[in-house]
Amino acid sequence: MSTRVIVWGEFLQEKSQPEVAAIYPDGMHETIAAALRREPDFTVDTACLGQPEHGMSRERLAATDVLVWWGHRAHAEIPDEIVDRLQGRVLEGMGLIVLHSGHYSKIFTRLMGTSCSLKWRVSGDRERLWNTAPKHPITAGIGDHFDLPAEEMYGEPFDVPAPDEVIFISWFSGGEVFRSGATWQRGRGRVFYFRPGHETHPTYHDANVQRVIANAIRWAGPDATRRPRRSRPAFHG
Amino acid sequence: MSTRVIVWGEFLQEKSQPEVAAIYPDGMHETIAAALRREPDFTVDTACLGQPEHGMSRERLAATDVLVWWGHRAHAEIPDEIVDRLQGRVLEGMGLIVLHSGHYSKIFTRLMGTSCSLKWRVSGDRERLWNTAPKHPITAGIGDHFDLPAEEMYGEPFDVPAPDEVIFISWFSGGEVFRSGATWQRGRGRVFYFRPGHETHPTYHDANVQRVIANAIRWAGPDATRRPRRSRPAFHG
Amino acid sequence: MSTRVIVWGEFLQEKSQPEVAAIYPDGMHETIAAALRREPDFTVDTACLGQPEHGMSRERLAATDVLVWWGHRAHAEIPDEIVDRLQGRVLEGMGLIVLHSGHYSKIFTRLMGTSCSLKWRVSGDRERLWNTAPKHPITAGIGDHFDLPAEEMYGEPFDVPAPDEVIFISWFSGGEVFRSGATWQRGRGRVFYFRPGHETHPTYHDANVQRVIANAIRWAGPDATRRPRRSRPAFHG
Amino acid sequence: MSTRVIVWGEFLQEKSQPEVAAIYPDGMHETIAAALRREPDFTVDTACLGQPEHGMSRERLAATDVLVWWGHRAHAEIPDEIVDRLQGRVLEGMGLIVLHSGHYSKIFTRLMGTSCSLKWRVSGDRERLWNTAPKHPITAGIGDHFDLPAEEMYGEPFDVPAPDEVIFISWFSGGEVFRSGATWQRGRGRVFYFRPGHETHPTYHDANVQRVIANAIRWAGPDATRRPRRSRPAFHG
């Protein structure tokens, strides 16, 4: 059974900023989705700001296992009733992967209960992500670290509740650190925040970043170990 | 320096239900506050639903170190802008002690990000609270357990984020268990949820319950260890 | 690929106490193993105290994914060099399921770093295990609680480090509670402690208990989501 | 009532390596102790390898509230019965502050249950410690970060159980990160690991490092909030 994924993108700066369009001509969500479509166990769709109900209708969400969210400029445009709906689905068990500037999205701050503020600097720093959870499903196939040659800096303190698990800690060439991958359980839903992905850098074309997102979807999706298994008949039991 | 405490009570059922009025003639908040006023290091005030701004003006909150909250019937009557204000103060460092049916208050669900639902039964069960954090400041002076002869039952699952610390687990004579005392850090603020206190039982007259609330206020209040200390002059150093 | 399981049992009281032999004629480990052998994805073997190297040779452990451990009277008879070996394998990634009186085994106290003491009473109490992690792989197929008609009582405080996850909390008819299912990561290995299983009760014949142990083995074993997946060829990547 | 502190130092390299002696002529433990002696609420003593019972007699430990430990070359020389004794005192409530290369001390690995391995490089890297717990007692008086101009590098992964709290994350100029300050509760005792302090650098002369150690002693010592308080007489109770 396939894991049903929606990648949600704001899709604003790709249309208004030529340097973003040059990297993501069809939008960041389509670049992310294209990588995920190569995974045989996923069914991948996309949604954007400005679509009817911003692409988040009740019917669609009911048929979604994991939602991937990238937003930046237009967090305030998502109406509270859609945020209620998203939160309801997470508490019921839908996985949620929040990317980069999505730390300030309404759905993420709603689920965290804190400001989710952080330090930042648009700088083109070199970022090195250290794997602090080498046995975790989210780091499958990832070595002890990987580098992104240029990224926006995000620094501590990151005002979130203590994560259940810290998966990556980033080092920035300018002198900062950040808990760049972290998990939280909310109701029956699993939430993963993953830091990289500033719109002016080709981060979502990076193979390691793509792999982490795919791994996180598997981790947050319907649990394979919970699916019914056929047992041999039990004559003695 | 005194810890400035406000005890907030809905103060509805004490006026409309004679069996509640018999136990708490001046309101539950006044019973709780009277016990706290015997602590030499606290300055204690009360506030109620229906006062101007429900007793939660910006000025008052700015001068409050720890807020104790009991609500039940009228959670929906607290306007969102007051909830924003309360959340802001917690993130800045105000302590928050949420009692009993306050699990469904807007401020608690806001800070948790989950439904905060639980099982319940108005039953007069015997409740035994087991101390699962014997070295924690909140259990100072509390033995390995204490009993309440009759209480409403609250049972697991309790839909909250994994607590930072589980302080008490309750046993109910009807067969349930509940994480009855639990802590969460949110921003710079400390949050403690404490289960007991159904309005038809004299729970806030109980010495152990009073002691736990006082301990929790000290734990959530301005940290004594952070206050400046005078040092001896450092000739060699 | 099959998960390779060893069930280790002390196998002493089954030979010396007729009331234990009546319930577990071939030993508790064989009853546990028989249930696990019905799972199509497991290869199950057993080992006992008194075998060469107590059945825990370097070669065997190297070929084991998950070890299930029941001990009671003879913890002290396991030499420290075998405990070193077990610990080494857990830190490398072998799963470990510790049952009941195994809380005092050398390998469990070694991995915890604490005394692992608890309250207890041989009583035939009714035990009700509440599921406090309804979405966790270990509770797959388990409802919100299940009962054991008669068990030894274990009560809090349980002197272990704060668990990563509390999976079950037990209620006992005599008035106690206990964190009966709990997880800890140690190195690359996952550890699950599961309380039930006093030797004079038929607990390991119980279908829910068997299911929890099987689920825990899947959770602690090689992670299915980490196995290599074949991807469609990536023309655009 | 004073908090009774012992600072334990190996005191070997200060005698055999001139470059260490130049920085710490009386030993690192005496430099650390001298700073702590300026705190009016501490009574500070020191102990060293090679003293009778390595300075850790039963009587002395019974009269110690917090033990600070620096070791490097001679971990293996501490006999297991002294480690048992130290562990016993921590479980009873003695605080333990483990410094730098003490991550491999017998008492720390005993309490952790893991290998406590990490990456390292003797390099004179610049180290920047980021404060990830701005409200924690251990960071009182510490800003959002502080720098050490030259230190040995320690890098992730650090093979310890998930800390209860991560207090500092270090950035190293060579490209690594490390959880440099972390806490764990073990029994009734509080444990703090603090990374800085390579013997060839003047780290324990640094005012921020001294302050963190003093703060950690207060946090790990007898809890001020648990001391009996005199209450006003309760006429109405």
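Observations
In this document, chain identifiers A, B, C and D correspond to the written order of the chains, with residue numbering beginning at 1 in each.
One rule holds in what follows: contacts are C-beta pairs under 8 Å (C-beta built on N, C-alpha and C of every residue); 3 or more make two chains touch, one makes a residue touch a chain.
This one's a predicted model, so the numbers in the text were calculated from it and none came from an experiment.
Chain pair with the larger contact count among B-D and A-B is B-D, by C-beta pairs in contact. Because chain C and chain D share one sequence, their contact can be compared position by position; here over half of the interface residue numbers appear on both sides.
The centroid of the Cα atoms in chain A and the matching centroid in chain B are 35 Å apart.
Of all residues in chain A, those that touch two or more other chains are 134, 162, 185. Across the complex, chain D is touched by residues 34-35, 38-41, 93, 134-135, 137, 140-141, 164, 185, 188-190, 207, 215, 218-219, 223-226, 229-232, 234, 236-237 of chain B. Taken in their complex, chain D has these residues touching chain C: 87, 91, 110-115, 159, 161-162, 164, 184-187. Looking at the complex, you find that chain B touches chain C at residues 128, 130-132, 134, 144, 155-157, 162, 165-166, 169-172, 175-177, 179.
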